[in-house]
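Labels A, B and C are assigned to the chains in the order they are written; within every chain, residues are numbered from 1.
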Amino acid sequence: MIARLIEGTSRRGLVLLALLLAFLILIPFFVNDYLITVLILIFYFAFVGQAWNIMMGFAGQLSLGHALYVGLGAYTSAALYVHFGVGPWIGMLAAIPVAGALGAVIGFLAFRFGVSGVYFAILTIAFCEFARVGFDHFRWVGGSAGFFLPVAQYSVNDLWNLRGKPSMFYYVILGFTVAAFIICHLLLRSRMGYFWQAIREDEPAARALGINAFRYKMIAVVISAGMTSLAGVFFAFFYNNLFPEQVFHISRSIEMILAPIIGGVGTLFGPILGAVILTGLSETMHEILHLLGVDVPGAKAVFYGICLLVVIVALPDGVWPWLSRRLGLSERK
Amino acid sequence: MTALLSVDAVSKRFRGLVAVDRVSFSIMPGEIYAVIGPNGAGKTTLFNVIAGVFQPDDGTIAFNGSRIDGETPDGVCRRGIGRTFQIVRPFPGLSVEDNVIVGALLHRPDVAAARRHAHEILSRLDLFPKRSHLASTLTLPDRKRLEVARALATDPKLLLLDEVMAGLRPSETDRIVAILTELNRETGLTILLIEHVMRAVMALASRVLVLHHGAKIAEGTPAQVVREPAVIESYLGAEVLE
Amino acid sequence: MPIDIYLNVAVSGLLTGLVYGLMALGLSVIFGVVRVVNFAHGEMMTIAMYLAVLAFSVLGLDPLVMMVPIAAVLFVFGYALQAGLIGPFINKPEHMQFILLVAVAVILVNVQLIVFGPDARGVQTAYSYDSFAVGKLIIDATKVYAALAALTVSAALFVFFRFTEVGKAIRACADNYTGALVVGLDVRRLYALTFGIGAACVGAAGAMMVVIIDVTPSLGPAYTLLAFVIVITGGLGSMPGALLGGVLIGMTEAMAGLLFSPSAKTMFAFAILVLVLLFRPQGIMGKRAA
């Protein structure tokens, strides 16, 4: 498996990758909690971006409702923890099938009835919206008044129950991101990865090569949904409060797909690089406005929007394909 | 010997327009069979009906002893029929090699084995040196050969070729004719081709079917059909005048 | 509940729905011709609403009078947006166009937040509390005026596409892009014009909407989604379809608000959308794709 992992990667790339990983593991010892929180945000978006990328970047199915799977994962694990005392790691085992099953329902309806492209994207928004209204009236998990996990000051890290300091959450989300990266790397180079890319490029031509497009698109949706739900579990235990109005809001779905698009759709490093750029940009903007004494709500978002516009106009394929050419590291798309 | 493909009284209508009108023919294993006819004669529709893109309104299609009408396009391919598209559609964002690997993976679960198979096919079609190019950067003749390579990689018993010589220079046409002849002789591959380039049809096909307004107007060896008055009137005459 | 309440709510939903319909008409025209999904549609709607609020509070001009000037401003905005920014993206994949317009939407919504703040703004016209009584029905005058204006603008648009040379040329672009290029139509200019016309529809709809409902910046994204639901329900590219979809969704929302809770409104609208997507993907009035 190791051999398959590193196959096709240049020596230079491997060395850079190892150095990067060592740096990421050591960094919490040198920075304050604020920066750790920023890093957590970066890897959170890198992880969900990677999960979304399986559907869009690999299999070519544009989902604009991925907040649905985050929300399902968050609510499933939080409900198990609050009502039954079941810890988050077991909660993940429940979250994955719940999100995967709903992904399968949406995929089945869309792909059987020939809903594709923009229409498919709108369908995914619709289901996320159903979930928002549904959870608003779901009293067992707090309804619109919100659902809360018990919070206390933690002096020790309880990894089993995900209760502790930011640095623990940092290592958890870093682990998720590395695992997602490896899984996506293996998936992309697998038989299924080839079939996905063929479907993404030209579905009728893929079918003419004997590929059961329906089946492979379904698998992509289910894997993507299941993986995304893990981010939801993390979200629930990190923030400790869930409001349907926020968790399932369309802006959540949009912000989680910005990183892979800015970084480069269909690439493995794209979601990570995109998350670094976007979160970095957003936090820097925050700091600069703070220093300038500008405290206008919306000012940060305007600059953010302008930067987004500049990046998408200048590098429509994403930053990573451009950067990797510059660095002399090529990644097969 | 039983036929590999038999098309029996197949019709296909689009909103009252009869695109394919009760066409019957059969192809023996190892044969190279051509369908010719003027533009709009229903050749590509017939192809799409065989390939599972459309379902026939009437008639049956049997391949290798079992019915395939009503089967999906991917199902038809898995049974052993590979095809190309009249307007070529390689996967533009994938490399030449990856395009062929996708096809080779159909009957090979292992990517490394599929890559080896893809390399053999690419060499056969003179595309091996260009294997790492993006498909979207290829010239038209190369893209046409890539489509043939990709379809071949699925290990078909029958290969459907939709105008793979159209738009090529004579030297390029001759090269493809040579490649197809070699494949047919060495592997026993059965080929059904739609073609406008009569030079290629005369050189390749053992039998020819002539379609006009969706219906069969002649069938026989190339030498026979070009002498049929109906064929000359409907089709070859126009070609000669051009 | 007595039956008149239902009737009153249904009529009120119908009238609001006509204004929705005009907004959606703008989206339908843009997508039908330029093939770009305008993800900043609702944000353009709120721009128009704020312009109407400004004109009223600063100059004392009635929104229904301002409808034409505001539509003109939005036309220029839409034309410039297509000509300057979206044009190079028309042959790019959908997700790139999407992100481009999301960026535009993010900028628009937050500029509105900076300039106008998060609080709701509205207009109080002389006729704000007038109503017409027809039998037991009591109909708000504002909604009647707004709906009549929406119908008038839609009719004008219909005449434009059916009878003017430019309108016919735009329809030709929508039917056959390559064909339009071949016969020498200036497709780029026609696309910009179309985007401008779509934006003008939204402009007119926004000016009317502000007499019915107060505006906040957060209304923008909600209207974007609403416009999608309406257009797909009614049938993309069908002008009567957009109006019909608007009325259907307007009435559904009103009824859902009455029978369930206001927060369930969007769920019912989306439920209709899902049913249409699955069972009549071309929309209620849409032509079947060949």
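Methods note: contacts are C-beta pairs under 8 Å (C-beta built on N, C-alpha and C of every residue); 3 or more make two chains touch, one makes a residue touch a chain.
Computed from a predicted structure; not experimentally measured.
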{"item": "Arrangement of touching chains [line / ring / star / complete / other]", "value": "line"}
{"item": "A-C compared against A-B, more contacting pairs", "value": "A-C"}
{"item": "Separation of mean Cα positions, subunit C and subunit B [Å, integer]", "value": "49"}
{"item": "Separation of subunit A from subunit C, taking each centre as the mean of its C-alpha atoms, in whole Å", "value": "32"}
{"item": "Rounded Å distance, subunit A centre to subunit B centre (Cα mean)", "value": "44"}
{"item": "Subunit A contact footprint on subunit C (complex, rising order)", "value": "37, 85, 88-89, 92, 94-96, 98-100, 102-107, 109-114, 118, 217, 221, 225, 228-229, 232, 261, 263-264, 266-267, 270-271, 273-274, 277-279, 281"}
{"item": "Parts of subunit A lying in touch with subunit C, wherever the complex brings them together", "value": "56, 62, 64, 109, 113-115, 117-119, 121-123, 125-127, 129-130, 133-134, 136-137, 144, 250-251, 254, 257-258, 261-262, 265, 296-299, 301-302, 304-306, 308-309, 312-313, 316"}
{"item": "Residues of subunit A that touch subunit B when the two form their complex", "value": "189-191, 194-195, 197-198, 200-202, 204-213, 266, 332-333"}
{"item": "Subunit A partner contacts - residues on subunit B that touch it in the complex", "value": "51, 53, 72-75, 77-78, 82-83, 85, 89-95, 98, 101-103, 105-106, 109-111, 114, 150-151, 153-154"}
